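Please go over the structures that come below.
In the two complexes below, subunit A is the common chain; its partner is subunit B in one and subunit C in the other.
The block that comes next holds the complex of A and B.
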């Protein structure tokens, strides 16, 4: 077992033990914080497919996070008011079923990622960063100026959506759902990284010309990675909206995109568990520093600067050493 | 819609355009010469606005306020370059994005800590307030007209600086081959600090000038920064000419669409539906414009490199 695998196992044990302990000592707030960390980690796991494996620095993943959130908000608000979304040419009704909401969130955010990726991947480097940022802003401004679903005020849902056999309003039961999804996503990403597709994608990041020379399309590889990445982040958005029972344009804001990248870098770029460690640390800092000072973002900024300038492998890089880094 | 109203909106679009140019020029120079993507450029815009508001509040002089904005933003830019930014030139874009994102957090919260969460106000000086009458009977605020003139003057000045002066030659040489000009004995790290401070000063000036027609508050820089990104993606990164044309294009599109689209939709929709659809589409239009430019020219209108 390598150092990194040991660390990863410890993190998973932590994500089981902390909520378990909180449940036994009746601390629902700790469970909610852990749930939030797991959902944000899922958003990071999504982005890590594009950013870590594919080397695509997307500063617009808030678009997919927000689309997932609004998929939940729109479907649930229509179900809540018994008002169908569409009557002609065929009937579409709202739903309170989590599974349907997740599917819709993943399909819509996947389609958006396909469209945004198809345009943005025509460029590379710094153009790609700015274009994804701009597309994210496009959704942000659209959500603010489109009054049908709350505009700037956002949408509230009274009751959390249903999952067969579980009471989702009970924090620990909702956490179990989120934890299982996060574990599945981690398992899938680990498999993906070792699959022919993942290897080709990794190669395209390191040397695009060589990959093109052996007859693979880097554009196709990256577009598929970007779409998959958007789908997972979209799913995280739907869960995040369900956790808060609220969606607002903030989910689309460019700060959200920045924070999702921050999770990955804090934890360690291209590490399987990077976003998980990063999101957990972010929530921990928000909780501890936020209690000490109203200006905790200054300390977050300083920590981030230190990590970028002096500890390039992130937390996992510091703990596991460089020997397992990808390049 | 009357022709006078349309002319007024065109002037508003131009005013937004030239202010965007002040932001975009710095961004595009810094990228062109140093290869650095700087998200914290919007923070320098904010620093300029706050410095101007503080000095105007203390002295009552608008010109002193502008000088303070230039000096504060240039100093902040030079300081940040010396301490942090110069460690990032050899790094990949991801590290640059992250470090400058961290700088935004520090600048924004730092400003909130010093000045508080409430917005400050910077008022237009007596001699520039009130409307004037332009040929054709158009009434237009003198201050906004001054902004257009100042912006265009700076654009001309910047073109002269780049094309006619020794510093301009070094900047252009730096864009082409930084090893070569270092070998020719130009102090490259000093040049980088100067270029960064110059870009920062332009952003700070824009912040102070715009601060007088909106409120001066934390976070005011980021919306402008993102518009400036759109501008340089359209114009082509590294090109001052592209930045100017892109700015005017984005300024006009954004302003005119907000007025014209609701009117256009009201021809075949109810007024309230037209207002919401029109404004929603108008807020997206510059991004659509950017997508169209990219489909036709992936490196922007005047960009050479990807």
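The block that comes next holds the complex of A and C.
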């Protein structure tokens, strides 16, 4: 077992023990904080497929996070009001079923990622960053100007959605759902990274031309990666909205995109557990330093600066050492 | 005819590099592409592999016109490139380099490992940490994993130690004799090229100045155009 695998196992144990301890000592707030960290980690796991594996610096992933959030908000608000979403040409009603909401969130965010990726991936470098940012901002301003779903004020949902056999209002039960999804996403991402697709994507990060000469379309590889990435981030958005029982245009903001990138850089770009460590650290700093000062982001910025300058492998890189390959 | 290059011209932007390149390769044949440095051999290979646009002329591979195909589609038809300078994916391990390129067919990891046993011993090592010779073996292995109909080796043994060069030439000979694979090889080792190639084409300032059976290649011609 490699050192990184040992560290990853310890992180997973931490994500089990912390909420378990909080549940046993009746600290629901700690469970909610861990749930938030796991959801944000999931968003980071999604982006890490595009950024870490594919080298695609997307500054518009908040679009998918927001689409997932609004998919949940719209479906749940219509279920709440018994008012159908669409009556003609066919009836579409709201739902409080988490499974249906997740599917809708993943499909809609996946389709959006496919469309955005199809256009953005015709560019590269700073142009790619700017185009993804522009798409993210388009969704942000659209959500602000959409009064049917709360406009700038956002949309509140008064009950949590259902999952068969579980009481989702119980923080520990909701956490179990989120943890299982995060673990599943990590498992799938690990498999993806070692699959021919993942390896070719990683190779294209080094040289697109060389990948073309072995008969693979770098555009196709990157588009698929971007779409998968958007789908996972969209799922995280739906869970985030369910956790807060609230969706707002903030989910679409470029700051949200930036924060997801920060999780990955903090934890370690292209490291499987990089976004998990990054999101956990972010939540921890927000909780501890946020209590001391409203300007806690200054300390976060300082930490980010130190990592970028002295530890490009992020926290995982510091703990596990440099990878032999995949750097 | 597997590959037919007819009066091909190509440019790097406004700078024309190829003016009139013509040669052909049949199934199972080995063609040596020769010429001094900077005469257009690598540019010819890049043009065949669709990494450079054809400005005039025609390139046909397996009966298909390559001129309008993107590079990856041309490779899918069966062009396997071993580029100059190896160019392995140094952020992947040896095995991962092979898996990334794999397409169904005769060549798989087992066969590549059998062709280059030394490479098999380093299967879990990062490609970036391999020696030049091992990287060349990996580059050949990676091209073979695409199961090409035509293997293109650009500077097959450049900068390698004599023992490693022997190993590479032995592998090329094995490919020709045992699999009947068509090969286009660029190298400066005339002795080895004479042993392995069926035909040769010589390029001088972006033009084919000689082509034919390698047995007809006189020392006068090689001295004049290749400098050996």
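Convention: the second predicted complex is superposed on the first by the 324 of 327 C-alpha atoms of A that agree within 3 Å, B and C clash if a C-alpha of one lies under 4 Å from a C-alpha of the other, contacts with A are read in each partner's own complex, and residues count from 1 in each chain.
In this text, contacts are C-beta pairs under 8 Å (C-beta built on N, C-alpha and C of every residue); 3 or more make two chains touch, one makes a residue touch a chain.
Nothing here was measured: the structure is a model prediction, and the numbers come from that model.
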item: Partner with the higher number of touched subunit A residues, subunit C or subunit B; value: B
item: Which of subunit B and subunit C A:216 touches, first, second, both or neither; value: second
item: Contacts of A:3 with subunit B and subunit C, given as first, second, both or neither; value: neither
item: Touching partner for A:203 - first (subunit B), second (subunit C), both, neither; value: second
item: Touched partner set for A:191, first subunit B, second subunit C, both or neither; value: neither
item: Partner chain in contact with A:261 - subunit B first, subunit C second, else both or neither; value: first
item: On subunit A, positions contacted by subunit B and by subunit C; value: none
item: Interfacial residue positions of subunit C with respect to subunit A in the complex; value: 49, 51, 70-72, 75-76, 79, 81, 83, 87, 89-93, 96-97, 99-103, 125-129, 142-143, 145-146
item: In the complex, subunit A residues that touch subunit B; value: 51, 57, 59, 119, 122-127, 129-131, 133-135, 137-138, 141-142, 144-148, 254, 258, 261-262, 265, 269, 295-298, 300-302, 304-305, 308-309, 312
item: Of all residues in subunit A, those that touch subunit C in their complex; value: 194, 196, 199-200, 202-203, 205-207, 209-218, 324-327
item: Complex contacts: residues of subunit B adjacent to subunit A; value: 31, 37, 84, 87, 93-95, 97-99, 101-106, 108-110, 112-113, 222, 226, 229-230, 232-233, 237, 276, 279-280, 282-284, 287-288, 290-291, 294-295, 298-300, 306
